[in-house]
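The same subunit A turns up in both complexes below, where it pairs with subunit B and then with subunit C.
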Partner chain A sequence: MPSRLTKIGCILLVGLASSLALADAVVVVSAQSPVSTLTRSELADIYLGRTNRFHGGQPAMPVDQRENSPAYVAFYRNYLGQTPAQIKMHWSRLIFTGRGQPPRSLADHQAMADFVAGQATAIGYLDDAYVDERLRVVAID
Partner chain B sequence: MHRLVEPGTLFMGLALLALAAIWLVTWNLAAREQSAADRRAAVLAADMAGTYEAQVVRALREIDTTLKLVRYSLDERPPQVVLDELSQQDMLPPALLFEVRLSDAEGNVIASTHGPSHTNDTTPVAGQEGLRVELHHQATSAQDSRLAFHRSLSENGQQAPGWVSVLVSAEYFVSGYEPDTLEKQGVLALAGEEGIFLVRRTGETVHTGEQIDYAHLLEGNSGLEQPARVSISEWDGVPRYLVARPLFEFPIAIVVGLSQNEQMAAAAELRHTYYWRAMLVSCVALAVLTLLGRLSWKLRRAQTKVLEERLDHARRAEYLAFHDNLTGLPNRAYFSRLLTKGMQHARRYDKPLTLLFLDLDRFKAINDSLGHDTGDELLREVSQRLGRAVRESDTVARLGGDEFVILLPEITEPNQINQVADKILASVSTPFTLVGQEFRITVSIGIARYPADGEDEQTLIKHADVAMYHAKEEGKNNAQYYSEQLKTDSLERLALESSLRKALERQELLLYYQSKLDMASGRVIGMEALLRWQHPELGPILPKQFIPLAEENGLIVPIGRWVIYTACRQNVAWQKAGFPALSMAVNLSARQFLDDGLLRDIKGALQASGMAPELLEVEITESMMMQDMPKAVRVLQELRGIGVRIAIDDFGTGYSSLSKLQAFPLDTIKIDGSFIHDLLDNAGDRSLTEAIIDLGKNLGLTVVAEGVESAAHVEYLRRHACDQIQGFYMHEPQPAEEAALSMKKWFGSESTS
Partner chain C sequence: MPRGAGRTSDWSAEVDSRLGLQLSANLTPRLSSVVQVVTEQQYDGQFRPAIEWANINFDVTPDLSLRVGRVILPVFMNSEYRKVGYATPWIRPPLEVYRTIPVSSADGVDVSYRSRIASVTNTLRATYGQSDATFPYIDATMDRATAEARAREGLTISNTVEQGSISLFAAYSHYRLSIEDFNPLFDAFRLFGPEGDAIADRYNVDGKTFEAISLGARYDPGNWFVMGEWTQTGSRTFLADNRGWYISGGYRLGAFTPYLTYASQRILSKTSTPGLSQPGSEPLDAMLNSMLQGQPQQESVSIGVRWDFSSNMAVKAQFDHMNHEGGSRGYLVNSQPGYEPGGSVNLFSLALDFVF
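Then we have the complex of A and B:
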């Protein structure tokens, strides 16, 4: 028993740790999208509004989860190395100077999964638990 | 030399000019750069203000549009539903930055794009129309401060009272802050009409809610397109190119400012560079000019040196030109100047002046016998002694040879002059030691005084010279004053001397002949040739007047030669004319006697005339024999050797020891006429005459009495057995022709027979 309990505890701890890390933030596109890999800088360019196309030339429509949600924070920290405040300041400058609009914001993982699955040009991020056959996980170099 | 300015001044001036030019150009450049930078910054600030204004206006319009859209969209549905639908349709500004709210008349939030978490924090004032702006200031964090924009729902009267609001982070309005252009001290700000900064950003720092003087901020602000002006920002004290402009549609003013220091930094740096370069160039210019100045100074110094050397050389040359290089005394040329000056001075101030003319006695003899080097040494010594014998103010000069002159200014009193002269005489006559030999030399001094003895230099020198000759005549080693009498004498002398030189060639000299009688027979047995000078203007001149002169200048030698030749020729001529062979006496002078050519001349004359040597008798004086006895004896013996007879003339006047006569080869003694003249009145003369006659007899010599003037003389001499007589009583001296006539009378019977 004790060993079982311990095992369960361990699993719980590992799960918690991984969820706190990046386990639940994978970059996904629609399964119909030809995109399968992206570099970090390509990803950053798309999410920071510097470009609205993938490297292959297809239109790209980035989508965010709700601001300050764990997925949002994790995504920006892990892939772009930015804090929410920095992201906010970035978009603040772009919007104010009229040079762009921030990605559309969706309520949760499920909404993200549904939206991306329905849009061939969309790109989003979500917990890998929500990845289904409609979606493709994009490998980030 | 001084045509231009001094090189030092010149190079200093050039240096100053160069520096002035360098710094003027530098200041000018810096000032231009400064003003260009100033203009750029002012224009940049104005441009940025324009951009910022446009951005703010657009942002505000978007917000206002959203407010109007939400108000328009409200219908019977719950407000939250309406908001959600609008959000769904992307009709609201990004939720990332903007929150849209609805609140009721009391200010309670009834719907929001950001959920119910936000409490009621706004109390819009009822009844206000249009867009209202409100700062939700968070004292703790400027980042969390938000600006709220409100519009009344009841504005058009169709809705229930309430408010629609858009809230956005205050930072949003200053997110256009470009660090590249605004740098760290620039400013972007929105100012509210109520006198606060809604938001202000400088660098990375954002402030909200600061109090400001809104009117003052906008005061004197430039219009559109006008460059900004610098002012000190009241909130942080930074000087800025500031533009503050109220917006046309909204109760807000935008503020854009560029820090003056930052904008001018580049210019300041450039200016710094310019100054630094100018400093460098100045140093180089100074160094070059200093170098040039130094070179020029050296060159100048070298020139000066050359010039000084030339001057030295010129001075030396002048010294040499005006000083005797043997003694260092002023020479004739310099003395002439000094005398001229001295006389000018004497004339102007009516002062006397005395000139001494000095000539060393017997200097020529010393020079000839001891050599020129010794002579020069002697002259140096004498010049030093003369210098010591006179005062500092007196001038000693050497005219050349052994002639010196001394100028005594302001002295004419004879006793003073005598003192000086005595001192000189004593000083010079002190024995010398030269070439290891001690001997003495004396000096003769002639004295002439200005103005009595001459009023110009030439005359004064000449008269001093005349006086010096007089001193020589007075026995040397003495000083004589010039007098008018001396002048007369010397003039005659000069005239004689010059005409004597020509007398021979002009045949003005002639011989007179005086007979000599044999006491026993009373017959003429010989003649004495006597020299006469028939001067064309002065008439006949006696030998005692010109013989000393001829002795002195050496003319006696050719004259004496002429006498011997003429006398011999005459003697033979008379013999050929049939007269008996008579003896012929010829007088020799002292110089002639010692002349090396004497024997040659006599032999030549005898040979040329064919006269028998025994008929020729040379007459010399005691003093001539005593002057240089060994030589005299030798000459007389040589004459004796060729058969010529020798007589001693004027015997008795020289007081020479009678016994010495034995040493000489003599034939005749002639008693001096002065003894015969006083013979009858003076017992002394009588006894002397008798003694001479006795001496002659004892020595086996012929005794002749000269100057016999009376029968009583003849009687006395006959009684004392004098051999021969000569004198006016018998026959006067006569020229050759008259003598021939007389001889005809004396020998008439014999010659014709």
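Then we have the complex of A and C:
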């Protein structure tokens, strides 16, 4: 029981720290995933299609919320420092050269929570109010 | 009656208009196919569809891919998507670099290998193939003409290093170039004996080696960007050895991205020759000299703005001021009687780019 409490405490603490700095979106993986921290550049490389693995070698499957939704805009602004138009420009370079496809897109926070919970390789982002015991918030350095 | 934009203050909606259509098929998780057809105005003023990409891609591993078919040669940093206006800040890539090589795609094979060391992503590509291209030129009587360039045994090796906001690019290209349309001229030189042979061997384009080196760098932390490229080409033909470079930067203010570009391209080889200087050789000498002089040499300053007014559409406005040096016509292909080469030209362009 104490360990469970500690875990929740950690999640809350991380969630609080993230929301203070970044407002709106936290990065999550499945509770089954071994990943607990990522650097900002690792996160950017995963979301920009430059790598398909986490630094530990596990496969990474990034998932997006709907393009131009508040969570989408906040995620790319806060973690990658880019606007939706810049992201679109980035993917148009890869799509039109057959060198990659953008992350799969999900309808809302709940769909994101359910999808990431069910996929050990998935990584996503959502409002911290949707974080439940099936998910782990990833600390971004 | 000559028509078209370029010489006057008339507007034209045709010059930079293009429509691209792309079909991608994922045949299996590791096997995919891409066909991209681009319709744009050709050198002769006609709109014709041309196949930019048509290849089959096989992912040997997630980091090693093999393509067979028509591929874009990765000669410059933005080569692969230079026809996708939405993918670049500008209306068109700087011609001082992007027009120094007459061949842009090849029918052949392409290998791409991506590796990661710590936070650095490295992508090495090698492309081998051949291609044919028709290009316009101004002949000795100041008429517009076209010629067919054939590139064989073409090899391009490029490497891109990316870390965070920094991207570095280097490429080397090598192929055998033939332009048979000019062979009759050099055959005429050969009639003058060993001296004529020497001139023909120096200037003809008949299976001659053409080489190009290019370097590029981009820094894009988000709110602003700066990028530049440098290239040098060389061959023992009448085609000039060129050195071109540009630097371009922009600042993102919400949906607006104002940008500024300076570009310069110079000819390194001689633009004239004494020729044979024999009785009766004057017309040939004059023709060869006009070919050497008729090649582009220009510098330009461009100022523009890109406005991303909707999620998949952008409007761009760009003003170019071009200086042509040494009697060059620059990259103008629609010059008219009475136009004096050299001097400067202003160009204003508007573009709407969309992807869907």
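Following the convention adopted for this analysis, the second predicted complex is superposed on the first by the 119 of 141 C-alpha atoms of A that agree within 3 Å, B and C clash if a C-alpha of one lies under 4 Å from a C-alpha of the other, contacts with A are read in each partner's own complex, and residues count from 1 in each chain.
Here, a residue touches a chain if its C-beta (ideal position, glycine included) is under 8 Å from a C-beta of that chain, and two chains touch if they have at least 3 such contacts.
Computed from a predicted model, the values in this text were never measured in an experiment.
Engineer: Once the two structures are overlaid on subunit A, check if subunit B and subunit C clash or fit side by side.
Structural biologist: Verdict on subunit A: clash between subunit B and subunit C.
Engineer: When the two structures are overlaid on chain A, which partner does A:102 contact: first (subunit B), second (subunit C), both, or neither?
Structural biologist: So A:102 only meets subunit B here.
Engineer: Would you sort A:41 into first (subunit B), second (subunit C), both or neither based on which partner it touches?
Structural biologist: In the superposed model, A:41 contacts subunit C only, not subunit B.
Engineer: Check the residue A:127 against both partner chains and state whether it touches subunit B (first), subunit C (second), both, or neither.
Structural biologist: It touches nothing on subunit B or subunit C.
Engineer: Based on the superposed arrangement, let me know which partner A:81 touches: subunit B (first), subunit C (second), both, or neither?
Structural biologist: second
Engineer: Quick one: subunit B or subunit C, who's touching more of subunit A?
Structural biologist: C
Engineer: Have a look at 2-10, 128-136 or 218-226 and say which bit of subunit B overlaps subunit C after the superposition.
Structural biologist: 218-226
Engineer: Share the list of subunit A residues that count as touching for subunit B in one structure and for subunit C in the other.
Structural biologist: Residues 67, 85, 88-89, 92-93, 95-98 of subunit A touch both subunit B and subunit C.
Engineer: Help me check something: in the complex, which residues belonging to subunit B touch subunit A?
Structural biologist: Its residues touching subunit A are 55, 58-59, 90, 93-97, 143, 169, 171-173, 175-176.
Engineer: Please output the residues of subunit A touching subunit B within their complex, sorted ascending.
Structural biologist: Against subunit B, the touching part of subunit A is residues 64, 67, 85, 88-89, 91-93, 95-98, 101-102, 104-105.
Engineer: If you look only at subunit C, which of its residues touch subunit A in the complex?
Structural biologist: 20, 22, 24, 32, 34, 36, 53, 55, 57, 62, 72, 80-81, 84, 86-87, 112, 116, 119, 121, 162-164, 221-223, 252, 255, 308, 311-312, 314, 355
Engineer: In the complex formed with subunit C, which residues of subunit A make contact?
Structural biologist: These residues of subunit A touch subunit C: 39, 41-42, 44-45, 50-52, 67-68, 80-86, 88-89, 92-93, 95-99.
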